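Given below, in the form of structure tokens, are the structures.
Both complexes shown next keep chain A, but they swap its partner, so chain B is in the first and chain C is in the second.
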Partner chain A sequence: MNFFLLSLAIIVVGGTIPLLTFRHFVLTKCIYVSVTAVGCISGLSALLSAASSPESLAWSWAWQHVFTLSFSFDSLSLFFLLPVFLICPLAAMYSFFYFERAENSLKTAVSYFFTNILIVSMALVTAASNMLAFALVWELMSISSYFLVMYDYEKVETRTAGYLYFLFAQGGALLIFAAFGVIFSHNGSFDFSRVVGIPDSAKLVVFFLAFLGFGSKAGVFPLHIWLPHAHPAAPSHISAIMSGVMIKMGIYGILRMYFMLGATDIRLGQTVLILGMISGLLGVLYALGKRNIKRMLAYSSVENIGIILMGAGFGMIGIAKGNSLMAGFGFAGCLLHVLNHSIFKSLLFLGAGAVIRKTGISRVDLLGGLMKRMPITGKTFLAGSLSISGLPPFSGFVSEFLIYFAAFQGLKYNHINLLLSIIAIISLAAIGGLATFCFTKVVGIVFLGEPRTEKVRLATDGGWTLTVPLSLLAIACLGIGIFPAPFITLAFSGLADVSFVSQVDPQLVQTIGTNLGFASRLFLIIIFAVILLRKALYRRKENTAGPTWGCGFTRPTTRIQYTGASFSRSVIDFFRPFALSRETEVRLKKIFPERTRYASWVEDVAEVGMRQGLALPLLSLLGKFRWIQHGNVQLYIGYIIVAILILLLILFI
Partner chain B sequence: MESFVSILIALLSAPLFPGIILKVKALFAGKKGPPLLIKYYTLMKLFKKGSVYSTTTSFVFKLGPIVSLAGGIMILLFFPLGAIAPVLSFHGDVLVLFYVLATGRFFTIAAALDTGSPFQGMGAAREAFFGTLAEASIFAVLILFYRMTHSLSFGEYFTGANPISLTGPAGALLLLVIVALFIVLLTENSRVPVDDPATHLELTMIHEVMVLDHSGPDLALIELGSFYKLFFYSAFLAMIVCPLSPSGGLLNLPVFYGIVVLVYMTIGLVESIMARFKMNLVPKFVLTSSILVVFAAILTMGFIK
Partner chain C sequence: MKNMNDILLVVILLSVLLSLASNSLGTLVKIMAVQGVMVSLLPLLLEHHSSMGSGGLIFFQVMILIKGVLIPGLLYIALKRISIRREIEPIVGYHASLFAGLIIILLSVFITDKLHLSMPSGHELLLMTAITTISAGFFLMMSRRKAITQVIGYLMLENGIYLIGTALTKHSHTVYVVEFGVLLDLLVGVMVMGIILHNINHAFDDIDTDLLNRLKD
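Moving on to the complex of A and B:
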């Protein structure tokens, strides 16, 4: 029996036990968390032992005597398994804190079950090595995550969000299966290893179909609109798993499809790069505009998927151009950002979940002053924010640096590739700046300043099941930033099976890692030196405390603090055609005006466009065919018979 | 050894130069002006004082000055002042350094929001916005320099095999860079016409309003950090305007500092003859710089085969 399968079995068992023991709430939680953790850790160790010989883990079995489901591993799938087994046990541990109400124990048990099905199906997605196996586990992943989003099914918003997610998941799957269909029609085989043989013209079609399908799972603009609805609806650790790990399966699919096709057309890379830039810029822009903390984090996932795709785009252009440095660093940056994003995004979602759980408020503009009340949540959230803004000495910078490195390689070319590289580098810089803007806003408005509402005043940190996952993730953010060399090597080892990329000189990779690590540590050392200098300057001095200087205003209240909406207003207006900033009109009528209301919000162009350009026309068109659906079962059977007859006629004539 | 002497001189002399700006402005206005060493006196005065902390603030408030000063020191360590090899250098250091400055900005903004004051929030929003735009210009400059020298480090730019030089084959493009970098310098260091460090109304400030609540040694650290940042940008400009040969050693320093003084005098001149822009014109002003450099980068297709 293979060790990897055994760990998956443990995870399935860990998910099933709660269904039987749900009447004992705390016991159920304990069993679930410990069994799942054991399963994930043994999965991780199977992963490590397989790193040297991935072939040893391959297995397959015949299903229904017709289909063969086969699974095998290569370096890329092993790399994508890392976040699955690293993040999921932490999220499971956090669920101990998050699910606190015993009266929901059945719901909790069901959620546990689907969580573990999701973990197993994600692990199998990376391992699937023929189309049938892939389709099966991909659907399992989509459906189990759909049930997880629907945890609070009593709420209308949750049901809407779940429906939207279901539509996008199934629509995406449809496109992926269409791509598989095109492949099958050319070579008549389900096996991934034979895909490379199909003609070049078909490769282009297959890649773009699959890109759209996987892109809708990953959250590529404009197919991202399910993300900002599904994440606020789902429980926070589920958001962490979905945003940190599951949407990366979309990226995995894109990379797998690309390497499988062996296509070297430069247009693939250019398209991916352009879509990456658009996702990155607009994602961070909408993140700035949103008020709900989890919705904002969801948009920031769109931004990071954009950065990841930019890395992949540079990698593909590098392969098309025969530039192994550009290809290697592009793909390595892409992979490392996948790992980094899974760490800091789950950290941020878990932190946001703790805030929401403790205060009952998810609107950024109503929070404030939590750094003193929830110090561990606050500090780890700060670490995550620095990391996601791509600032040294934290982890996000390392992967962005690799992508920059690839992008600067692109400047060696002329014409379209030069222009694309120029725009990409400037967008990457602008994304970094806007992300800093966005996360100073979240940290500043939510955790700093004074509480804006009374409920916030009473919040406290949760127990160790909350603080341990947060602290571990925050340490990982800083650790990757300070000692990046092994992680950069790890990202390159994820590409070991891509023949062209493995030509990159390992010496150069090592040097870059060492230099980056040296710079990060130097920065920390200078910071500590300045802290010592400051300590020396404050020796034997009296510091006094007082209220904040109100610029002459003597009766301040906490409500006059700057809000997130006003903080981001100027930038949103600057990007006006892309971010639709709306506000209610305030007009004073009468001589003695009545109480007025004011509201402002930012709309997503993709969402508005899809609603008005696609959904509404489709609804009104389909409404005209309502008469077909009359509720008479006998006639429905008649429809089926007619349809079968027509199909038979078409086939045999 | 030379590198250490040069960085030491820079770290000690940086507070001198803002005095020159004040002197130029005073002379323009027909006044005598403060002594040249005024900034040293200010620093000494602040170092001796204690601080007042708002009860609203947390540890982030104290980190703001520290991280921004650390960023200022770090970037000078990697810069070849007067074409003397920098203390440290590696391929890709420019990317790290500008991001280190961004980390400083992150903490300055967070410290401003930590006070809970609406004015400081306003300043923070403006700083974040204009900083982002200036960052785009900086990266456009890096793109152009990569096209010209195929390197990503300050050391390589000015002391490497094919250094950046106004007299080189693509030297004319540097004229555009000089204008753009000067705009970035004015933006990043909150000078007129982007921001007015001498204004008295909090509503119209950008950088000054963010540090309103800092006092005593904390304020001194902020001032010192901003001196280093201004010195770095001026040195960057000076090295482009007047490229020096690395073989000159310490003898380069007088020429280099002469040019640096000229840059500061230009800042003083600009401040004397211009008023600050309306806030909504500033983004356009800053964007001008990145457009100029991107234009130059595209022109390299003609120069560099």
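Moving on to the complex of A and C:
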């Protein structure tokens, strides 16, 4: 019996039971969480047992006697299965806290069902080993996640976000299928293992078609537009799964397609690297400009996808140049950042969800002072923020270090590769700096200071179903940062089946991991030492504590606090051509002016461009064909007859 | 046996012409019942179907029941419930429709001739009848206003498709996929239309499809 399939079956059952028992709300939640957790844990153990002999898990199934769906595993797919089975049970557990209203129990049950379908389809995406199987589970993944985004379908903005997501998911799928079609037209086989045989010119077309398709799922600039709409609309643990795990399937697709094609054209790596830099820089810039906490996290996902792609780009350049160090560390950094990002991004989304659930506010500038009221949420969010900013001793630093290592390998070359490496190093540094700035803003405005509204003042931490997932994820962030060696080895083992990368000396990898771990632990010890020293020095002195942002006033108000908008203003203005910052004009007309309003917001270049360059012209063009739909049934039938006649005429002539 | 076939086909053709010329909806439903029975009888009498197993016989009997009794019965009930008798003001008049029906028959002969399909002997008339039935079904849908007449036109269209299926299968077959598909289409179509008719009648006090124009965005 295939243990992996068994665990998937358990997960499906766990998703189906709530549909039957939704009348008993708490019972449903308990059953769902426990069954899903059991399924994911057994999936993990199947994964571990499969790590030694992945061939034992392969299976295929003739569907409708015509198509063969086959699934098999290699090291890459096993690596991408890890976040699926690690993050999803925690998100499921968190849903116990998040879905608290019993009157929505049917909606909750439906959401549970599609969540588990999503988990299963993601697991199968990594396992699919022919095009039909891949297409099937890929569509299943897109559609189930669409239903998850539509959870609050009563709201107009949720529906808009859902349609936008559906559009991008299906458009991307179309491009992927087009790439498959090109492959099929060359070798007439659906099997992934036979893709290598197609001619080089076709490989380029296939890769770029697939890159666009997978990129729209992963959120590569400028195809990321659905992310900042869909994530705020979806429930928080769904955002965590989607942002932490599902968009990584886009990355998996890009890597799988690249390794499958076996293309060594250097242009592939260069394109991926450049797009990664653009996504990274602009993603973090827009994250800085956004006020909605979940929208900001969505843009930060775009940024991290950019970093992941930069790693992949270096890996591809390394393979093209025959530099196994650059290839190995580029891809390993890419994979480790996939794992890290799935951990800290889901941590951040879950934390943000807790804040939103407890206060009902998602605007950063209306929150404040939550560190004292929600200490565990606050501290874990801080850990996630440090990690995502790539600061030692947290996990983000480790993977970014590997990518830096690959980037510095690029300095050996000349001309364009040297230039690209230098720009990449600079932009990686800039991304890290801006991300630190961005998360300083979020933590500073949301968790520090004083509460700005009454509901924020009354907020408290949730029960253990909230705190346990958050704490586990935060510990994982810190753990990977302090003991990076096994995880770096893990990332390299994910590349074990790439023959070129396995030339990297394992001794070197081990040494780098150990040194990195030593540096991180040293850093941690220094921090604690400084804190202790400060405590010791201040023990004898007199300390007074006043309210934050009291500023020496006798009657301070919470409205004099620094806001996120003003904090990020200077940086946004610096990047003006890319971040379209808009503001309403304020003009005082009378001597005693009336109440005035001021608003400022930052617009996304890609979104504005797509709206004005693509959507609006298309709408006005298609609007001209409106007369075709006149509502007369008889004429509609006439259309059918005309169509048939034209087809028959073509046949006769 | 061959004569029997031809008689059935002529009856089908006549029923098509009659349906184009009749203005009473009750009569139209009765004509459809006759046509349904004829259409489902036809495969039984074709030569290459003569060696048919018991499963096939049962299938065709069920077919006769559905086409001749169940669907017309449903339509009749719908007719009773919305209490209309006649198609008033058709888009194309009855005499003009009859004339159009004759032209359709001529055109079908022409198309059958042009298609050059390798038919089993004696099936030429069958294919021609099938194409006539399909075209007349389309014509009925286009030229009448009442929704129920459109359902009947749709029924006729499906009868024609069924006939083509019969005409083109050369050997006796055991898997009635096409026939079942057509049947399912029909049943669903009639049921959905029955429900919709009821609702339209409820909302507008009429089942004139001109009123459906309001439903577009």
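Throughout what follows, the second predicted complex is superposed on the first by the 611 of 653 C-alpha atoms of A that agree within 3 Å, B and C clash if a C-alpha of one lies under 4 Å from a C-alpha of the other, contacts with A are read in each partner's own complex, and residues count from 1 in each chain.
In this section, contacts are C-beta pairs under 8 Å (C-beta built on N, C-alpha and C of every residue); 3 or more make two chains touch, one makes a residue touch a chain.
Here the structure is a predicted model, which means the values were calculated and not measured.
Using the contact criterion defined above for the overlaid structures, shared-chain residue A:Pro506 touches neither chain B nor chain C, since it reaches no partner. In the superposition on chain A, A:Gly181 makes contact with neither chain B nor chain C.
After overlaying the two complexes on the shared chain, residue contacts for A:Gly360 are found with neither chain B nor chain C.
Within the superposed three-chain model, A:Gly638 lies in touch with chain C and out of touch with chain B [touch as defined at top].
Of the two partner chains placed around the shared chain by superposition, neither chain B nor chain C is touched by A:Gly613. In the superposition on chain A, contact of A:Gly197 is made with neither chain B nor chain C. Touching more residues of chain A than its counterpart among chain B and chain C is B.
Residues of chain A that lie in the contact sets of both chain B and chain C are absent, per the superposition on chain A.
Against chain A, in their complex, chain B makes its touches with residues 47, 49-60, 62, 65-67, 69-71, 73-74, 77, 88, 90-93, 95-96, 99-100, 102-103, 105-106, 109-110, 112-122, 124-126, 128-129, 131-133, 135-136, 138-140, 142-143, 146-147, 150, 152, 202, 212-213, 216-218, 220-221, 283, 290, 294, 297-298, 301. Note for the complex: chain C touches chain A at residues 91, 111, 114, 138, 141-145, 150, 209-210, 212-217. Chain A meets chain C in the complex at residues 629-635, 637-638, 640-641, 648, 652. Against chain B, in their complex, chain A makes its touches with residues 368-369, 371-372, 378, 382, 386, 389-393, 397, 401, 404-405, 408, 411-412, 414-415, 418-419, 421-422, 425-426, 428-430, 432-434, 436-437, 439-440, 443-445, 448-450, 511-512, 515-516, 518-519, 522-523, 526-527, 529-531, 533-534, 537-538, 541-551, 558, 560-562, 566-571, 574.
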